[in-house]
């Protein structure tokens, strides 16, 4: 039987992998992907607590996860639009080279 | 832990680790898709059918496609990538490891190791729709507004403003 | 007697399950449900390739294949032998892992959609509570496989074909889902079995299919247009048009992988037709009340073959749409029409049943169509066609 602890450890592992990717990758798009991973890990946490919690018929965890998926999709769209606009301006997606506000 | 959970968890962690570690950006997104599918399978295993299927439809079918489109449009062919990690990757790695260790310590010192699931709740889509229309109607309307704003905003930001292409 | 014939597959499966020890029962049940689908639909694929080539040939005023067997009936076997024995050429610069996995993922995603189609009475592989959502989720994985195929070949034409194909598929996915939301509104459930159950029952001899209502008719038309675009079939086959971009995103594939792409595309077409039958045409129910003695699965496959014949007919008749025409159609006509259809379905639900309801709903859906065709006629886009037949 899987206990709640297994799901929580898994979701914290996914969160830290996403965090590591978001903090260390050069390509801006991969940083955005790391952020999406962190949101996914948080969703997994919500669903696990919904299932193992005292009152599953209240559907709170499911509702939060649905809204979180919606917001994450919208944020991915806007974030990628911003990355495209920044690429058009500075001709690169390398975050180490986009380090000045001039121009 | 059950064999199904172990296999799915291993698949998800492998997919996401590959997504953050591979050199080629498109390979990263494809590995990420495997990770998303693994998370969706975990949702299905937990009995959240609607959320699991929505996860596949939204993340695999839309967010991953968006990401590959963005990679295609910002890809310079022939540009070699000697370094895929930024110059201060050590700090990032240390922070992520610290976050994971704190979370894992907090989780293992809580009482959740012995918490086992109550009998499977029967969640129908009807119940989800009911609660969306009654309890959560305000967030629903706000989501509609947010998605409209995000749609228009993303199109305006990413639009090509050069006049001579008209 | 007819009851026994109708349920023959179900009783056969139950009889076979009796011989299996209890420990292996879930796995054996799953295998016994899935294997007939895995056999029946590729067989239908083989028959469809023959039907398509003969049908297109006759529409284009020529004979189709007629050398392999009587009327060319062994042509699918010849095609299979050809595609299995052709050399599998992979470009040198191609990404080998992704290049290999793309057709596999396409066929996998296409097969996954069949799990929720009710092929007969009590004959669905799994009765999911959110069955229609599962079907569209499985369909959205196909886009990723198309991208993988186009990108991994590292060739300009295949990448261009993949971009066009994905743009077309995501544009038409929204009207596809919206056209099916109308049915979900009326049936009150996302489960495909419940939707078919709502369409059993006859008034006089006429069935209660959803296609015989104003919103259902428009929804069916929109669903079929979007389904044609989703499976990249003519008139929406710009991504794979043979005279345009040679073969689009699967240009660098040969031999068995090409056959897998072909199989995946046709399986997707069958699955979407099956969903259209489930949502609008009453699933496995008979069209008239005195023909209910014919088994349910026969009716499902008859309707499926009819829809496939309609697809082939449209392919042979209409010219290909250009990319911008295709996208304009999706976002400026089909999507608003689908939203209007949802409004009409709401009006239908709340008005008392009677002739007034029919008139109001038909008027609301007919107005944009009439205006659209009037606009096309005025700008001389639509003209009377003349035909010249060869003797």
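Think of it as A, B and C in the order they're written, each chain with its own count starting at 1.
Convention: a residue touches a chain if its C-beta (ideal position, glycine included) is under 8 Å from a C-beta of that chain, and two chains touch if they have at least 3 such contacts.
Treat the numbers as computed from the prediction; the structure is a model and nothing was measured.
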Chain contact topology (line, ring, star, complete or other): line
Chain closest to the middle [Cα centroid of all protein chains]: C
For chain B paired with chain C, centre-to-centre distance based on mean C-alpha positions, whole Å: 30
Mean-CA-position distance for chain B and chain A (Å): 5
Centroid distance [mean C-alpha coordinates] between chain C and chain A, Å: 34
Touching two or more other chains - residues of chain B: 50, 54, 62, 69
Parts of chain B lying in touch with chain A, wherever the complex brings them together: 1-2, 5, 9, 12-13, 16-17, 19-21, 25, 28-29, 32, 35-36, 39, 42-43, 46-48, 50-51, 54-55, 58-59, 62-63, 66-67, 69-71, 73-74, 81, 83-89, 91-93, 95-97, 99-100, 103-104, 107-108, 110, 112-118, 121, 123, 127-128, 131-132, 135-136, 139, 143, 146-147, 150-151, 153-155, 157-158, 160
Residues of chain B defined as touching chain C within the complex: 26-27, 30, 33, 49-50, 53-54, 56-57, 60-62, 64-65, 68-69, 72, 124-126
Complex contact set, residues of chain C against chain B: 98, 128-130, 133-134, 136-138, 140-141, 143-144, 147-148, 151, 159, 163, 166, 170, 173, 188-190
Chain B-facing residues of chain A, complex: 1-10, 12-21, 23-27, 29-30, 32-34, 36-37, 40, 43-44, 47-48, 50-52, 54, 56-57, 59, 61-63, 65-67, 69-78, 80-85, 87-88, 93, 95-96
